[in-house]
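Sharing a structure below in structure tokens format, with a few things to ask.
Here the chain labels run A, B, C and D in written order, and each chain numbers its own residues starting at 1.
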Amino acid sequence: MRKNKKLLTLLSMMLVLVLVAVGCGTSTETPDTGDATGEVKDTLIVGQGADVVSLDPHATNDQPSSRVSKQIYNTLVNQNEAMELEPGLAESWEKIDDLTWEFKLRQGVKFHNGEDFTANDVKFTLLRALESAKIGHIVGAINPEGIEVVDNHTIKIATNEPFAPLLAHLAHTAAGMLNEKAVTEGGENYAQNPVGTGPFKFQEWKTGESVTLTRNDDYFADKAKVKTVVFRNITENTARVIELETGGIDIAYDIPPTEVSRVEEDQNLVLLRDESLSTAYIGFNAGKEPYNDVRVRQAINYAIDTDSIVEAVYQGVGKAAKGPLGTNVFGAHTDLEQYGYNLEKAKELMKEAGYENGFKATIMTNENQQRMDIAEIVQNQLRDINIETEVQVVEWGTYLDETAAGKHDMFILGWTTVTGDADYGLYALFHSSQFGDAGNRTFWSNDKVDELLDAARVEADPAKRAEYYSEAQEIIREEAPWVFTYNGENLAGTRKNVKGFKQHPAGHHKLVSVYFE
Amino acid sequence: MKDNKNLLEIKDLSIHYITDDGTVRAVEEMNLEIGVGETLGLVGETGAGKTTTALGIMNLVPNPPGKIIGGEIVFEGEDLVKKSQSELRKIRGNKISMIFQDPMTSLNPVMTVGDQIAEVVKLHQNVNAAEATERAMEMLEKVGIPGTRHKDFPHQFSGGMRQRVVIAIALACNPTLLIADEPTTALDVTIQAQVLDLMRNLKHEFNTSMIMITHDLGVVAEVCDKVAIMYAGNVIEYTDVKRLYTSPKHPYTIGLFGSIPDIESDESRLKPIKGLMPDPTNIPSGCPFHPRCPKAMDICSQRKPKNTEVEPGHFVKCLLFENTEK
Amino acid sequence: MHKYILRRLLMLVPVMLGVTLIVFTMMHFTPGDPAKIMLGESAPEAEVIKLREELGLDDPFLVQFGRYVFNAVQGDIGRSYTTNRPVAIEIMERFPSTLKLAALGVLVSVSLGIPTGIISATRQYSLFDNIAMVAALLGVSMPNFWQGLMLILFFSVQLKWFPSSGFSTPSQMVLPALTLGTSSAAIITRMTRSSMLEVIRQDYIRTARAKGQAESIVINKHALNNALIPIITVIGLQFGYLLGGAVLTESIFSIPGVGRLMVESIKARNFPVVQGGVLFIAITFSFVNLLVDILYAFVDPRIKSQYK
Amino acid sequence: MSKIKTSNNQEEVKAVSKKKRSPWVEVWRRLRQNKSAMFGLAIIGLLVFCAIFADLIAPYGIDDQDLRARFITPSRDYLFGTDNFGRDILSRIIYGSRVSLQVGFIAVGISALTGGALGAIAGFYGGRLDNVIMRFVDILLAIPGILLAISIVSALGPGLQNVMIAVGIGSIPSYARIVRASVLSLRDQEFVEAAKAVGANDFRIISKHIIPNSMAPIIVQATLGVAGAILSAAGLSFIGLGIQPPTPEWGSMLSSGRQYLRDYWHIATFPGLAIMITIFALNLLGDGLRDALDPRLKS
């Protein structure tokens, strides 16, 4: 093209606009992956599927945020990858009476801002957590009046009533220890300038894009092996795997089941598969006909081939559930009998219940691909026992509203027993006091189960607790307020040169010991 | 009429438009000559091939679909048909320039008139930008527009003023041949006279030859030396003005005069030629005029008439006269 | 001209008020309680009620709307329900990526579309023209997200030339810009071609040729300058469309832009962010339109004289 | 001065009379000569045929799951292969033509009727009413279509009906503007004046005289609009707000197939192709119609 003033001006104006726009963006280069150069890498890039919501542990309870917070904060008690309790910021603890625990705190621990970690911070943190609308329930058993600072490194924590799983709750990332001064100074912007005691310090947060952490060289325990950790937000599952394959990231969380074999077969990648604490279930509205009839619920349990769901929806990752809890949860009944696919039995039960000719039903779910897939399969399989279902996919917000209000017939939902304790995995879901929003969206109740759950909550002896929970699970299985569908797995992929990475069943994996080879 | 004074000689020129719907014979075996300083009138109805002829001379017939099928256009002794585009570009706007029919559309609306005049100056004369602008202002003055308006855009001028600008563009490089394609058709009657006067004066000033395309016999009488009447791509009568007006030969020409309203006579009705121009893709066999011709004979539908010189310098394409010659 | 711009800016006020009202109404009557969504499925009822009070969700509709407009005029468009940060900051952090994406998309489409359109127009019905037109039509017909996936498969998975996600380095911007750019390149190609065809038939093009001007200048100067107006209109519309429509591209390529923020916020019932976002995009869109109208004046003196 | 004007006038008269005789026949004649438009029309005809006779044509049912026959690549039994539930993709695409055409046409119907009515009222009555309507249209125009559609769907909830409404509302402004413009140009023409003179009421004037005379641009816009609507619906499905499974909407088929894209290309490819070909055909037809209805008409 020869000279054309106007078009040229137009184009150059646009170019300027682009440059300005590009300049506006914080244009930091992606950290050097160092693959080619041979020098030891010291930046670990982790890809996860959603952006961090807040780095104030009391402001949110979502997985992506917890995964980052876990690196910044420490909890009094740690729960390791085998779900065993270990000392964290508390060196030791002791039960003083039915309600009260005394914790001896580690000495010489400093926050990232240089402040010493003391019992006052613990008190401040717990009181602040109790106020939180988002995570208050996790420490909700604690009596605010019962937190007593004995000395700088000793603190007593009392609960309102006997609460056996307290330690597991204190190991939750939401109970990470905050520094009073940092929180007060940070004010409304604290979530952008988090201060903890953990192995990594917060450096930068590019919203929607990435969070960068650097090593805390004053860490009280073994220091982190890599200097920098970048959590990148890669929403598309496939894209995250592609980035892993091409070396754009070193660890990819939540490998989609469809990509499992690909990661496994790739010479440069390692796949990690561990049982998670998550379950998926199809709940009945037991407060409504015909789902108030246990025979109908059982019939549907028999009519749905959960093994084929695991195969078709999860590509064989994870396994069909036998009961309400995954086997790695404390208190899980591992010998429950799986309902199994048995069409004859299902038809028989339907006949007994007087629904030989079936009925019409809706299955409600939110727009989660796996749940929608399950819905489609269930819809299809229930036709065999003459149940005509309509799948209703609604938005998350609506979904929670409607199911809490009991407007549903059947619904598909998941639950993650983050504390790894049966209390967390059963109480909210099956106790009659928890109808609706609190978690029991099936509106199913059983006096015996209520009794057992209450007893297990206050019982100090773990063996006895386990017994109570086993009995409760047997009843729940028999009564079938759910179609017990699925126990999940955590899937992560790493580059082959990434060592020392272990998955935590709750999904927030520690990165302190990760290094490159 | 075959002497070397001729500036332009068109010999057996044929231009066709080849489309999916058929071939349009826009110009058929045309023969014309223009001497230095002469003005030739090219007269005919819309679609007779006048504009195509003009574009043919400039070699600007839109291609596709238009194509010069055969013949020669000899300008200053050289055949334009054989020239390359870059050679032609040196002639266009320089030695031959053109004034178009509609001044409202023939100026680029997004360029100042000064730039549009200066453009042609810069193309053909070795001048810098400032000199070209100066020349443009000079030309504007010459066509009766204040030179200071060279920075104005076409939409700021009236139709007559725009046509003056077009004339200024056409004459900016002192062309030896000016083709004016119905330069006054789109103008108000009062403006028409002004523009014609202007053209006539400038033509004398620059001693330019001119082809005046028009369907207005009044204009022809006023400005032309010679006239060619076109019908359906053919020049059917070609002679000087006086002879055409005193003794038109071709029935179509006679018909044309018949359809002019004569203010001086009391007769208030026109005598239009019956029928319509033929469909250009489907021209009648033989003489294309025969279906409308009051004097048509049987043979007219069978054979094409040849160009017949009925008296020196008076050519007619009509079988009536072919026969008398025989 | 100044007066014209001022008047246009003033006209934005009622439009923005209207946009706010529409979005506010829509969000308000959308089922789903934001307090519940914020707290998650395992939060106790009492806390939900507490949060509802905090957020002022129990006030009557008009009170909520009035409060919003009152604050917005003072530059405060609320805080995000999820992160509790000012919405304005959330959006401004995301906006550069979206602007970059849209601008690059337009750049791709213009640099691809205009030359192709010109060549097609000058060689109407040639082989080039036919291929370009079929390609352009296919480009218009191809779902954007599908094309993005294909580009990822081909260029990042197979050839490993470009990364498939992120948006900070130039190489990360290539695929998203192409994804976004090609479909509007197709539209611009078609527009350029038809506009050029229209212009090339005009008398003043013949005038330019009759001056002895070289064909390339006739096309690129005389014809193109006149054909630019509809092309600019389309570019402006495309730019606006890309701003809002980058949603899909942003999610495919994990780009932290406003579009994705909006979708995430709609799903999370994060009303303040949705309102702020729609308002913001609407304002940007209107500014682009104004810019386009000013550009008209720059390109066409006839229009300039109307802007009084 | 005098002119030869006869033939000119007569030609005009002829052209006008030719047009008046049967405008639609004339349009059809011109359209028939346009090969690519006819090609587009043929494809659309085929789709309509598929949609109507899906039950007879499709080799399998809409939701015939066979969890043992998942991910079968295209073969003789399954021409387009099977999806993640072992359903025949070809059958679902054939049934899907019902959904897509329905979405396309009904969404356009909604926007053309609403937008057309708004535009006609605004243009016909002018004044304050015009002002109010057109400001409303401006407001709608200020929100990019897809964002508007997303917001509406999220307010109404997903599903076929709501998607049609959302997509429909999004394109109301363009129809309102087109109709208003052509009403403005028609309003003062003689046949409207004449109708007024004989005492026809406004509704009658608008519906009998003005609307039919502004059909040309509406038809072109509508044809292209159907294409746009199908694309928008597919886009909504892609972000999970569209038509819900197991309804075999092409966009949602594509969207759920994308997670298997790298291993089982056929699941997302064929629905993607189906969308593309449909849009392509509609665009061809739309372009052809534009040329046939009015060669000078430009969108």
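Throughout what follows, contacts are C-beta pairs under 8 Å (C-beta built on N, C-alpha and C of every residue); 3 or more make two chains touch, one makes a residue touch a chain.
Just so it is clear, the structure is predicted and the values come from calculations on it, not from any experiment.
**Q** When the mean CA coordinate of each chain is compared with the mean CA coordinate of the whole protein, which chain is closest?
**A** C
**Q** Sort the other chains by how far their Cα centres are from that of subunit D and give me the top one.
**A** So the farthest one, by centre of C-alpha atoms, is B.
**Q** Please tell me whether A-D or C-D has the greater number of C-beta pairs in contact.
**A** Of the two interfaces, A-D and C-D, more C-beta pairs touch across C-D.
**Q** Approximately how many whole Å separate the CA-defined centres of subunit A and subunit D?
**A** Whole-Å distance between the two chain centres: 45.
**Q** If you average the CA atoms of subunit B and of subunit D, how many Å lie between those two points?
**A** Roughly 50 Å separates the two chain centres.
**Q** Centroid from C-alpha atoms only, then distance subunit C to subunit D, rounded to Å. What do you get?
**A** 22
**Q** From the mean C-alpha coordinate of subunit A to that of subunit C, what's the distance rounded to whole Å?
**A** From the centre of subunit A to the centre of subunit C is 36 Å.
**Q** Which positions in subunit B are in touch with at least two other chains?
**A** Subunit B, residues with two or more chain partners: not present.
**Q** Do you know which subunit A residues sit against two or more other chains?
**A** Where subunit A meets two or more other chains at a single residue, that happens at 238, 367, 395, 398.
**Q** Tell me, which residues of subunit C touch at least two other chains?
**A** If we look for residues of subunit C contacting two or more partner chains, we find 30-31, 149, 157, 225, 251, 267, 299.
**Q** Touching subunit D in the complex: which residues of subunit A?
**A** Per the touch definition, subunit A meets subunit D at residues 237-238, 256, 258-259, 261-262, 305, 308, 311-312, 367, 369, 372-373, 375-377, 379-380, 391-395, 398.
**Q** Can you tell me which positions in subunit D touch subunit A when the two form their complex?
**A** Against subunit A, subunit D makes touches at 63, 65, 67, 70, 84-86, 154, 157-158, 240-241, 244-246, 256, 258-263.
**Q** Using the touch definition up top, name the residues of subunit C that touch subunit B in the complex.
**A** Touching subunit B from subunit C are residues 202-204, 206-215, 222, 225-226, 299-302, 305.
**Q** What residues on subunit A touch subunit C, complex-wise?
**A** Interface residues on the subunit A side: 1-4, 6-7, 9-11, 14-15, 17-18, 21-22, 24-30, 47, 51, 53-54, 59-61, 133-134, 136-137, 140, 188-189, 191-192, 206-209, 232-236, 238-240, 242-243, 245-246, 248, 367, 395-398, 400-402, 404, 413, 428, 436-439.
**Q** For subunit C, which residues count as touching subunit D in their complex?
**A** Spelled out, the residues of subunit C in touch with subunit D are 14-16, 18-19, 22-23, 26-27, 29-31, 137-138, 140-146, 149, 153, 157, 194-195, 198, 230, 240-241, 243-245, 247-248, 251, 259, 262-263, 266-267, 274, 278, 281-282, 285-286.
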